[in-house]
Amino acid sequence: MIGFVVRRLMAAAPTLIAVLTLVFVIVRIVPGDPALVILGDQATPEAIAALRARLGLDRPLHEQYFEFLFASLTGDFGTSLVTGRPIVSEVAAVLPHTLDLTGAAMVIGTVVGVPVGIWAALHRNRAIDVAARILSLLGLSFPVFVSGIFLLLLFALHWKIFPVIGNANLADPVDRLHKLVLPAITLGLVMAAYITRVTRSAMLHVLSEDFIRTARAKGVPWRAVVWKHGLRNALIPVVTVVGLYVGILIGNSVLTEIVFNRPGLGKIIVGALNQRDYSMLQGLMVIYCFLIVVVNLITDLTYGLIDPRVKHA
Amino acid sequence: MTTLLDVAGLVKHFTVTKGFPRPVTTTVRAVDGVSFSVRRGEAYGLVGESGCGKSTVARAVLRLIEPDDGTVRFDGADVRAARGETLARLRRRMQIIFQDPYSSLNPRRTIGQALTEPMRVHGLASGRAARDRAAALLDEVGMPPSALDRYPHEFSGGQRQRIGIARALTVEPELLIADEPVSALDVSVQAQVLLLLRDLQKRRNLAFVFVSHDLGVVRWFCDRVAVMYLGRIVEEGSVGEVFAEPLHPYARVLRDASPVPDPSGRGALPRIVGEIPSAANPPAGCHFHPRCPHVRDACRAAYPGWRRRGERGAACVLV
Amino acid sequence: MSTAAVVAVSPVRRAVARFLANPTTGIGIILCILVALSAILAPILSPHDPIEQDVIAQLSPPSATHPLGTDYFGRDVLSRILWGGRISLIVSLTAIAAAIVIGGAIGMVSGYIGGRFDNFVMRVMDVLLSFPSLILGLIVVALLGPDLVNLVVAIGLTAIAPFARIARAPVLALKERAFVEAGRALGYSHARILFVHILPNILSEVLVMGSLWMATAVRTEASLSFIGLGVKPPTPTWGGMMRDGFENILDAPWLPIFPGVAILLLVLALNMVGDGLRDATDPKLRAE
């Protein structure tokens, strides 16, 4: 198992460098001159030159690239152009909110999605299955800002059960949870829809395999077949897909945070966009890169836990 | 008869790299120095077990697979040196028929499209003329002209094989490379297709490189035959001689293992001992020595040289 | 092998039958056509000018003159929704079409060439794929500036990698088929083999994914507009209307409902069509 983990870690390194290169291309090369983007068209040439010097944009591109790579890999994500504070501390201040939200959404998605998916697969083409399919299709068609606003209209404005503003006091667990409910449901429903569909099709696929028929023929009770043979094998694709949906989850969390006015990475990114805080944008993208690589790593490792064959591959 | 195709020292190795973090590269010597020549209008057979490299030879001659070494001359022209236009013109003169009639035709194109496209590409005919020629070709392979507007899935395996043959004929080749052309067909259909091929050979004076694992088919169709084992030719000669009295022990084993129509005519079967070694790791010396009933010390030391006996030859110390 | 070849053409009819037998697909198609028609016919159907302001009728609830009410500037919500559909459809159609052409070409060529080149290209695509598409779109639009073309660029960029993957997989299988070898033996150019012989065989798979990615593109466009990175006001966009409605949610709670429903309907319809198409063409489902 340790060898497996080491191999995975080694494989993750080039991916990280590649993703960082992509960030460099997008942030540094795509817009042309970042200084012009930051200061706008009306800026004087002197101001632009000064900013270029301050950001190191006047140096050769490859120097900038290697310095960027080195800084990113050593954990130096830069400082905000607006506040002058290190981006790491800006992010650390709001990270608990984002983790609360995405974690809760993941839990909701799994707790709802996996059982419903299994249930639907076991009752294929019956009313329950049809309902699950329609609802999951609806769930993943809902842009989160639409479902979030609809939930807000119903539960916060109409019934006034939950607060409109989601800026929770982290020290107060009741307040923290109370303000998490609506945003977490908003984000969790999308995950639940995706997970339901993947679980259902994975389960259907596994149940049609020969070893299930063999187990049935041996006289293993149906319940045991489903739980012992079916589920374990069906979970493998589910884990992969959940790993892939983390990207969607991160994107959707930005929108959810805007709708519920929650502090978090999403709010920071939008704030940076509005204030043309170029350094902040770059730093945030680097942080997202790390996040994605780590999530992919966790997905791979989970794989190893569920599927004994992977460890030796 | 003049020599049409001359292959000398043909080599094709495949390398496979596997493993992490210490990748291991293995080289599969699929074709390891194969030489033979085919005369105009002659049917030349290549036989051997699966994996011996006979299909690779067929593809390397056409440069569908790029050979690593050796020369291929077609009617005096160097096939390996040909580029672009020259290569296209050479390829036009030698065509290939495939084993699997189901994958050899594009499922999305009608038979008419499949047959007229080569003519258009080579500027042989177009429009009405191309269609007429296609219909004539279909007639030649025993298919009705109504097939032109239909799709491959509407035909049986044997019919598709006929269509595949017609397509190969669209560019008026002088040499047909037939890669197991009847192995995928039912026995009854095999005979019809073989009769068609022989008929075409006589009528068009076609030369054939006929690749097969089925000795019965080769015996019936071919004039001369080469027996391949692990990427090399171990024996060559006229079909009658090679099959009547094989020189190489492997050729003998292969001959004795193939079914004989009359069971009473069969003697005691010699045992084939051992597994076929992998072409990735062939035994030192003669590749056949671990399985050979007549093995000697010399066989383990070095690969035996080619020895001639009249029109035939074999790579064996017994000759 | 043989079954794959047998199902290749005749199943078109079978797929169509299966497609129509699935009611969700039918509903999806009808909804898509309705949305497309309403967007095309927006100039005729709209009761009012979508950007004409009427300060007196500010934030009025649905009424006979304004069936869906008016917004903060007194603009007619129904007319704005009809016109806004145009932006959604134009942006997502162009972006996905571009992604299909560029991504599809990358995937086909990469798969056809194979070897190290293919490895490298697919590694790059994986990197593109691993980035959250909304964040990627967000940053690209933010850096390039929000307008129609840049929106198409940003959304198209996020969809290139998936289409490269989708196009590559079947090419890997098809290039091993004997008809490709036959084509080479017959002296066909690589371009002819790739675009005349292989392309038609992968088109259905790519187009099925196209409709599913259209749904994603509509959602992304609306999301970017909602964040404020869409086509600039006063041009009506559904996401922008959601943003306006959200800002006035306390005074006019109905305001965000209508554009929200419009977005949901179009995304749902596209997903329904894509789902139905996939079920109808998926060989695995057919085998069951």
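When the chains are written out, they are named A, B and C in that same order, and each has its own residue count from 1.
One rule holds in what follows: a contact is a pair of C-beta atoms (placed from the backbone, for glycine too) under 8 Å apart; a residue touches a chain by one contact, two chains touch by 3 or more.
The structure presented is a predicted model; accordingly, all values stated were derived computationally and were not measured.
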{"item": "Chain separated most widely from subunit C, comparing mean CA positions", "value": "B"}
{"item": "Pair of chains joined by more contacts [C-beta pairs], A-C or B-C", "value": "A-C"}
{"item": "Centre distance in Å when subunit A and subunit B are each reduced to the mean of their C-alpha atoms", "value": "55"}
{"item": "Subunit B and subunit C: spacing of chain centres that average the CA atoms, whole Å", "value": "49"}
{"item": "Mean-CA-position distance for subunit C and subunit A (Å)", "value": "22"}
{"item": "Contacting residues of subunit C [partner subunit A, same complex]", "value": "24, 123-124, 126-128, 130-136, 138-140, 142-144, 215, 219, 222-223, 226-229, 239, 242, 245-246, 249-250, 253, 256-257, 260, 263-264, 267-268, 271-272, 275, 284, 288"}
{"item": "Subunit B partner contacts - residues on subunit C that touch it in the complex", "value": "1-2, 5-10, 177-179, 181-182, 184-188, 192, 196-197, 200-201"}
{"item": "Subunit C-facing residues of subunit B, complex", "value": "59, 62, 64, 87-89, 91-92, 95-96, 98-100, 102-109, 117-118, 121-122, 151-153, 164, 167-168, 170-171"}
{"item": "In the complex, subunit A residues that touch subunit C", "value": "15, 18-19, 21-22, 26-27, 30-31, 34, 37, 134, 137-138, 140-143, 145-146, 149-150, 152-153, 157-158, 205, 208, 247-248, 250-252, 254-255, 258-259, 269-270, 273-274, 281, 285, 288-289, 292-293, 296"}
